[in-house]
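Okay, here's the structure, questions in a sec.
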Amino acid sequence: MKRLFAGVLFAIALAFPLFFKDYWLYVGIICLYYAMLASSWSMLAGQVGLISFAHVAFAGIGAYTSAFLVIQAQFPIPLAVTFGALASAIIGLGIGALTLRMRGPYLALTTLAFSEILRIFITAEHQLTQGSIGLQVPLIFGGNKIYSYYIGLFLFILTTVVLKLVLQSRVGLFLIAMREDEDGAATRGVNTVAFRLLAFVLTSAVAGLAGGYYAHVVGLVSPQMIRLGEMGLILAMSVFGGLESLLGAALGAVALHTLTEYLRIFAEWRLAIFGALVLFTLKFAPQGILPRLFIYAEIFMKRWMERPER
Amino acid sequence: MILDINRVTKNFGGLQALSDVSVSFARGEFAGLVGPNGSGKTTLLNCISGLYRSDTGSIRLKDKSITGLPPHRIYRLGIGRTFQISKVFNRLTVIDNLRIPALTEGKLNRQEVRKRSLEILKQIKLDHLTQSTAENLSGGQRKLLELGMVLMTDPQILLLDEPFGGVHPELKSELEEYLCLLNRNGKTIILVSHEMPSVFKICQRLVVLDHGMLLTEGSPESVRADERVISAYLGGCYET
Amino acid sequence: MIYLSQLANALVIGTLYALMSLGLSLIFGVLKLVNFSHGEFLMLGGYLYFLLAALKLPLPLALVLCIPLLFFVGLLVEKGFLRSPYQKKMARYDEYVILVTFALGIFLQNLALPIFGPYNRQAQPLFQGSVRLGELVIGADRLTGAIIAFFVIGGLLFFLYRTYYGKGLRAVAQNPAAASIVGIKVLRMRAVAFGLGITLAGVAGALFGPVFLVNPEMGTSFAVKAFVIVVLGGMGSIKGSIIGAYILAIVEIFGSIFLLDPSRALAYKDAYGLLLLVVVLILRPQGLFGEKERRA
């Protein structure tokens, strides 16, 4: 059932540019950015149980690194983006190492502090980074949205498949064990240090990749992408779509970002509505609204298929 | 001597949990680690199994130092540990709980791991709960599961922290028999427990801690009659 | 002698910082959770006082009215979001509360934005002008704020250490199971602690309002300061929060004097606190007076 569902989604995603152009295609591109961020964050927070508020900071690191490499060192864009992901992975390793002994709120606080320090640094060093105005970045494919979309889809599928493979392997089992009881896992042979670092490196690499992608399809990188509000958005998307499901979180991202567009009428109330949505989800469907809907759909399908023949 | 603990100290910001504790355990012995609450028994187990790093002193396994090694290395070296409050992986199934310790070793492939899990499940008599989620198990079943998990890699030394806690009498005597069986098959067992009847019944030697220090050690009879032990438990105000 | 004036300033600001941090510390101590929306409740207090003052209420009354209103909101939040997961021993409770308080904070911030607009608001301070104490000059609004805060803190300490309810709170903070055995209603204590913690933040916001101006984003930077203070002083330690508050105030004021490049100094001001937070969390997570976490 899940495979069928994923297959249908894939088909829709592939066909998307045929039906939607320009503005909505651009929305789709941004959805892919958020989908990558949300799914990787949900792996760290939901599957491994490490709530990090530094995720958008890693996207920012990927974005700025890629931007600099292209602007200052004339790197070809794909290479720069790869290096951006690498930079995020390395810093992710560093953060993981520094926070080895931390769980829960201590980890959340440290990663929050790191994210804010980075944002302040980028804003303050405006000779280097253009500060809050943002850095203009060359566009990939000269700005052709269709190519940009498919590249984004490719990156999304690539990262999701990689993360999924890890989660379904024995490593995934170890990560879940660590989430359930870190000391228990350690005394049963799980190298908690190594796997914790792995979780950070993997998810921050994905975030960095997403950031690099964003930089070159939007054309502007600014500290705005590292604001805590953005982190809140990722949190909202993952919670809404399902913290313990990569695809769920990705769908949550698509759903909420598209909702952003529809809610343009409400302009300033948008984010408050999102906030309310997240609180509602956390209270009534903590595993996520989408998984809950999926369960209802399954029940419905089952009843429909088992209906008595006339 | 398979396990040597030499002059181990552990301090928690002013609270001296262990002071200069030295004790050795022989291969194949069944020892009981006893003492009043707060005497440092669990802390000692934590130091041995790597969850704490002792401040001073050394711990040696078969003459190789294991002081300061991370817990997963110590488990792979053959020291398995259970906890006072069972540490099982709540949202995984019983069989997944069992597979994990074996999978970390990497010695067996998936089918062999599965086979061994089912074997152990039969031994601990939880085979009817193979696919149940661990959080749905009763307290006694969780203790059994934890024991099963530890046994997956066949460690030579078992550190058991209150294995009888909250277990009903029938299961308790089954457990006692099972532990004796494991001991007869060559496992060294160090048992921490407050269940004195069980301890006196199955342990060959008792090690008594009090306020983080080694008070005495010896056969169950001699420890039982030792005045110092009695006053340690009863607070020193009572005459026998 | 400029230093003396700055020191006085630091003491004044420190008292206000202490007020907001005590709330955070209390919530952590009793409910064992870090309230990631603490800053937003400070903001709420600031706006509440502004509104009540704008309704032409006498200012002292406006301030006093904030208290029951904020307390009530705190009780609502606790009942709505924190009570049943705790009671039902929800599986990932620790992670859940992080998510829920963070989301609550973002929600409140984004609610304030359309309602009040992004501009700074300034409520009428209780006293205006400055006060001369010998050679020192301090703004009267800050000084009154600090004096009121001082008395509120005093009242809180009295409450915690001399009344039944206060002792109940401390009992639950130390050992909920033991507390319930001796007849203390743990759930009620948790609610009271949360309400009280929120109220302290809100009152700090109301007192800060005239001094620092109220805007929807103010919560974030004050929350960060509160986190730094509570972590520095030790999570759950009352004494630690008070001392930490003064330390931070002194570091902030003297830090910006001694930093060389004035244009960057302002931008980096918040970063000092953040760096301090990270350093403390990595090197000594229990802070100055907190308890070390024990395992197994």
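Residue numbering begins at 1 within each chain, and the chains themselves are lettered A, B and C in the order written.
Definition applied: contacts are C-beta pairs under 8 Å (C-beta built on N, C-alpha and C of every residue); 3 or more make two chains touch, one makes a residue touch a chain.
Keep in mind it's a predicted model, so treat the numbers as computed, not measured.
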A-B compared against A-C, more contacting pairs: A-C
Of all other chains, the one whose Cα centre sits farthest from subunit C: B
Geometric centre distance via CA averages, subunit B-subunit A, whole Å: 42
Length of the line joining the C-alpha centres of subunit A and subunit C, rounded to whole Å: 32
Set of subunit A residues in contact with two or more other chains: 183
Contacts with 2+ other chains: residues of subunit C: 295-296
Shared interface positions of subunit B, touching two or more other chains: 51, 83, 87, 90-91
Contact set on subunit C toward subunit A in their complex: 33-34, 36, 80-81, 90, 92, 94-96, 98-100, 102-104, 106-111, 113-114, 220, 224, 227, 231, 264, 267-268, 270-271, 274-275, 277-278, 281-282, 285, 295-296
For the subunit A and subunit B complex, residues of the former touching the latter: 170, 173-174, 176-177, 180-181, 183-193
Subunit A-facing residues of subunit B, complex: 49-51, 70-72, 74-76, 80-81, 83, 87-92, 96, 99-101, 103-105, 149-150, 153
Contact set on subunit A toward subunit C in their complex: 45, 49, 51, 53, 98-99, 101-106, 108-110, 113-114, 116-117, 120-121, 123-124, 183, 228-229, 232, 235-236, 239, 267-272, 274-276, 278-279, 282-283, 286
For the subunit C and subunit B complex, residues of the former touching the latter: 91, 286, 292, 294-296
